[in-house]
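You will see two complexes here that share chain A, one where it goes with chain B and one where it goes with chain C.
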Partner chain A sequence: MAGADSPSAALRRRDLCARGIRLAGKMRSDVVNLLDAYVERQGLDASASVAAVEGVPQAAVERWDEQTGTQRLLENLAAYRAFRALLAQMLEEQREQLGEADAALGQALAAMLLQVSAFAYHLEELLRLESRGPPSEEEDGPPPQPQGLFEQKLRGLGVLRELAQWAVRSARDLRQLSKPGPGTGSAPSPSESP
Partner chain B sequence: QNLKCVTHNFHKMICTWDVSPRTRHGQTDFCYTTNDLPTPVCFKTKEKRIEIPVPHSSSTVTITTNSISGTALASKEFKIHKKDVLFIPVTPRILSLTPDFSTSTLNLKWSDNGSVFPDGLDAVWQIQILRKETMEKVTQVNYHSKLTHEDIILSWNWTSDMPLECTSHYVKIRCYINVTQFVGVKEWSDWSPVEVIPGKDTDPSESGVFPLDTVVAVGSDVTFCCVHEEGQNITNMSYGSKPYPMIQLSSRSHAIRVLNASASDTSGTNVVCRLNNEMLEGTVLFVGYAPDTPQNLSCETPNFQIIKCTWKPGRPSGLYGKRRTKYSLFERTSGKNVSCEVNEMNRERVCGFPVLPDQKTYDFILGVSNPIGQAESSLLVDITQRVHPKTPEKLTVSENNSTSIHLRWFINGSFAQIRLLCQIEISSGHSEQKLHNVSMPGGKSSAYTAHLNALHPYTKYQFRVRCSAADHFWRWSDWSRVEEYTTSEA
Partner chain C sequence: DSHIQYERVGADVTMKCGSMDWDAAVTWTANGTDIDESHLNGSYLILKNVNLMQSGQYSCYEGSSWHLKYQTSLRVGTSPREPVLMCRSNNYPKGFYCSWHLPTPTFIPNIFNISVIHGTKEMVCEKDAVPKNRCHIRYLQLFSTVKYKVTLTVTNALGKNFTTLTFDEFAIVKPDPPESVVAKPVPNNPRRLEVSWQNPSSWPDPESFPLKFFLRYRPLILDQWQHVELSDGTSHTITDAYAGKEYIIQVAAKDNDIGTWSDWSVAVHATPWTEEPKHLTTEAQITETTSASTSSFMAPPTTKICDKGAVVGSGAVAVCWTAGLVVAAYSVLFI
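The block that comes next holds the complex of A and B.
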C-alpha cells in the first residue's frame, strides 16, 4: 500500500484482512442460502440464464494477479457500494410487492444488506490505512427500474449470483493483501512490472 | 342495359347503366319523367351514372347514346317502379377506435348519420373484429340502435380475450336500416374502411410477454403472448413450471392459453418465454379472489375518543403487497372517510375511526376492495350503547377503619356522556368471593372511587375491578390487576 508499512499498520492491516476474509466467507454461505430461498419463493428456475444486469458490478476480472492492493480494495468497495444500493432496492420492491406475505425472505434480504454494508465499511477501514482513504460515495442515483416484475425477479437473481461471486473474489483479494511483500502495495514495484 | 338505381336517403337515387362497347365514347342523353312532372327532365352526360329524385310510384327513363359526332346510336326506355329501387345506407365511418391496454378493451365510436332519415327507424350495425397478420375474423356482433333524425355518435366496447399488445386488431362496421314503409329492396351498406390497433409485434423495437404483471380471479382463462425481435425464435413458453402449446399470431408473436387458472403463490406465477439465444422474457400473473363481504362488523368505543371496528374478513384473497385487499371506513352522516391499515397476514381485522364532536350515531360503510373486486358492509351504531372501557388502572386501597375501606382506580378515556357501572370482586382466604356493583357518573380521564363496608377485621383481601356502561350495557372492561389488603385489627 502507500510506502513501507509501520509494524503497527501492517499488523492492523493483516488483522482487518483476516476479519474481512471471515466476513466474506460468511457472506458467501449466507448469499448461497438466500439464493436458494429467492429462487424458490420467486418461482424461478435455478438454471435460468440471466443477462448481465445493468448496474451490477462483474466479479470476473482479467489479469487478477496483476492488480495492486489499492486497485483491489477500490474495486471491491465500488462493488459492495453498488450491491448495497441494489439490495436496498430489492428490499423496497419486496415490501411493495409482497408486504408482510413473505417476511422470511424480506428478513433474509435485510440481513444480507447489513452484511454488505458492514463489508463495505470494512473495506473503507482498510483503505483508510492508506494515505488517500476511501473515495467519497458518488451519488449514482437509484439503479435502473426493470420494466416488469419478471424482469425484476431475474435482476434479483442476477444480483445475488454476482454477489456470491464477489464474496469469493473478495476473500481471494484479501488473502492476497494480507500476504507480506510485493504485490500488496499501491504501486507495482519494479520487479512486478510485466 | 342493366339500369340500376340505388338510394341512400329515400330522396335521391343514383342510377347506373351499362352501354355496349360500340357506343362508349359519345355522350348520353338521359331523360326521366314521372306522373307529377309536366314534361320530361333531360340531361347530357358522359358518365354512366346520374342522380335523380326517388319517384313516389314510378319513373320512366329514356337513355339515348350518341356517337362522338352526336348522332343517336341507340335509345332505350325503362320503367322504374319504387320497388325496383335499392335502398343501401351510406357506408358508416368509424370516428375513433381507442384501445385500453390495461383491460384489453377496444372502444369504437361512429356516427349513425341519423339526420338523413326520418325519425324512429331501427338500425342494425354489424361490427367485425379481425386479428393477426392474416386478419382472421374473431367475432361479429350486431348492435341495434334507433335513428332519431339527428346525427348521434354511437359507442361500443369490446374486450379481447388476449392482450391488445399481442397482435394487431382490426375493426370494420356496416349497417342495415329496417325501413318497413320503403317498398324497394333493402341491403347492407358497404363495410367501413378498416381501423387498426397495431400490436407490439409490428414495432421492431418492442418485445416482451403480455399482459404485464396482471391480476385475475381464480378460474379465469388467460392468454399470454411472447413478442420477440426479428430473427429470434421461441424455444418454449411455460406457465409456472409447465410448458404450454404455442399458437402463432404473427412472425414475431406467439401465444399460450391458460385455462381455469388456480391461485398463485405470494410472488405470483411466472410466465416465461425462452428464446433460442437462451434469453428469457417473462411476466407475472397474480391469481386470487375478490374480497368476501365482511362478516360480523362490530364497532365500539373504549374511551369516546376512538371507535374501533372489527370484522371477519372471510376467505383470504391470496393477493399481497400493493395488490392486497384494502379497507376503508366511510361514515355517511359526517362524510368522513378513513383508510384502514390492515396486516394481511393476521386474521384479526381492526380499523379506528375518530369520535366526532357532538355525534353519537354513526352510519358506517366498511368498503373492501382489491384488483379483482370489491364488497362492503354497513352498520348503524350509537356509540353510547357500544362502550367497552379500557382496563381500570392504578387500583389502590385505603382504610377507613378495620371493617371499611376505600378503593380508588383510574380509567383512561372520557366518559362524561354516560354513567359507569363498576364491579368490584372481593376475595379472601376463608370466605366466598363476593361481587359488589357500584355506579357513578363518567368522568374525563379521571379517577373513580368506591366505598366497601362490612369487612372482617384483620383479614387479608384481594380486590379487583372492572367497568362498563351503566345504561345500555355492552361489554365489561377487562379486570384490573388484583390489589391485596389486610384490614387492621378491630
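The block that comes next holds the complex of A and C.
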C-alpha cells in the first residue's frame, strides 16, 4: 500500500481528483436538467422555498476555505452516501406514484443514482490514499421516508436542489485537494467520528 | 433664527415672519433681493406652485427698523421614486456588493438604508467610501440554497420609497472582464493572430474557482463576429483570419460552473502578418496599406471560400464566409 506522500500516490490522487471534477461537472448539469423535469412532472412550484428536510445533506458550509483535505473528503462522502440512499428511495416512490407512465423521469433518476454512486466511490478511493480509509457504512440506516405524497415530492425537490449545490461544492473541494500544499494535508478533522 | 424648509415642487408655500403679527409691516427678500408686495398676504409670504428655481435664502425684516426677524433656506424638491438596486459578486467566493441610484434626482438630500437578510440572519453591508451608494458583504456561508433578500430604503424630507432584490448565491456571480488583452500577429503566418489575456484582478482564486472564456473577433469591415468558447487557458490562436485585414478582438469571462458572463473586455486591434512586397518602394508600401481597408473588398487568393473549417460558431452564429463577403463588398462601397 503506497504511503500518502509517495509519487505514485500523488499521481493517483491527481488522477482521481481530475476524474472526480469532471464527474461533478456532469452531475451538476444533469441534476439541473433533472430538477426542471422533476418540478414539471410533479406539478411543483419551482420558486417554492423548501425548508431543510431531515436527512438531506445541506451543502451550505461556513469557513469553507479553512477546511482540511480530509475534512472535505469526509463531508463529501457522508453527503453522497446519503444522496445514494435518498435517490434510491425517490426511485421507489416514483415507480409507485407513476408506475410505468413516466419512464423518462425514472431513467433520469436512475442515471443520477449511478453517478452519485460512482462519485462516492471516487471519494472512498481518495480517502484510502490519505491512509485513513473511508468510515464504514454499517451504522448508517436508511433515511426516514416521508409518508404523504406531497411530503415525498417536497423532499424530492429538496434532494435535487441540494445535490445541485453539492455538485458545485465537490468540484471546488477536489480542486482544493489537487492543489499542491497544505490544503491536501490529512490533519485529523475536529469532527472525527469515534 | 435660521431653518431649512423642504417643499414639494408645485406646492403652495406660506412663510410666516417668525412671531410677527399678521398685520405687521415687513419686507421679504429672496437671496438678498426684495420681493414684490403682491406676493404678500399681510406679513406672510405666499409662494404658489413653487419650482426648483425658487430654492434659496428667504429673509424677513421688520418694516421700519430693518431688524432681521426670520430667515429660512427653502429647498424645493420631490419625494424619491423607487430606487434602482443591483447586487453582484465579482470576487466570488469572498462576497458580493450592492450598488444603487435614484432614477430621477430629488434635488434635496436623501438617506439610503440597506438591509441584507439571509434566511433569518441579518447581515451587515459595509458602505464603501468610494464609490458612494455602494456597500459590500462577506459571505459567511458558501453553497447555500437559502436566498438573500436585499431591501434598499431611500428617505428624504418629502417622503420615502424602497425596492427589494431576492437572489441566490450563484445567480449574482459575474466576474469583471479579462484584463491585459493582447493580440499579436504570428510571423510567417498570414492567417493567424495570437491572443492572450489575464484573469480579472478582482477574482481572488482562479485556481480553485477557474474561469472559462469567450473570445469574439471580426475584421473591422465585417459586422458578424466569430465566437470561440475556451474552457481553460488564457490564450488562443486564431487560425482563420483574413490575410492583411485589421481585426477587432474581445474576451469575456465566466466562472466555470455558476453565474453569468462578464462584460466584454476592452477591444484590441491587430492585423495578421503579411509578407513584405519585395518589388515596391517604401512610399508605395504606405499607399498600399492605407488603401487596403477602403478599396473594394476582395478575398485574398489563398483563402478558400466555404471550407468546412471556415464555418465557425454554433447555432445562430454559424455562417459561411461567402454570405459575409457579399454583404461586406456592398457595405464597404457605402463607407
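Everything that follows uses one rule, which is that the second predicted complex is superposed on the first by the 181 of 194 C-alpha atoms of A that agree within 3 Å, B and C clash if a C-alpha of one lies under 4 Å from a C-alpha of the other, contacts with A are read in each partner's own complex, and residues count from 1 in each chain.
Definition applied: a contact is a pair of C-beta atoms (placed from the backbone, for glycine too) under 8 Å apart; a residue touches a chain by one contact, two chains touch by 3 or more.
Model, not experiment: these values are computed from the prediction.
When the shared chain is aligned, chain B comes close enough to touch A:Glu96, but chain C does not.
By the document's definition of touching, both partners, chain B and chain C, reach A:Ser49. Of the two partner chains, chain B is the only one that A:Arg41 touches; chain C does not reach it.
Judged by the touch definition given at the top, the superposed model places A:Arg28 against chain C, while chain B stays out of reach.
By the touch criterion defined above, A:Tyr121 reaches neither chain B nor chain C. 49 are the residues of chain A that lie in the contact sets of both chain B and chain C, per the superposition on chain A.
Put simply, chain C touches chain A in their complex at residues 93, 140-147, 170, 207-210, 256-258. Within the complex formed with chain A, the chain B residues making contact are 208-209, 212-213, 240-241, 265-272, 278-284, 320-322, 324, 343-345. Listing the residues of chain A that touch chain B in their complex gives 41-45, 48-51, 95-103, 147-151, 153-154. For chain A in complex with chain C, the touching residues are 25, 28, 49, 58-62, 64-65, 161-162, 165-166, 168-169, 171-172, 175-176, 179.
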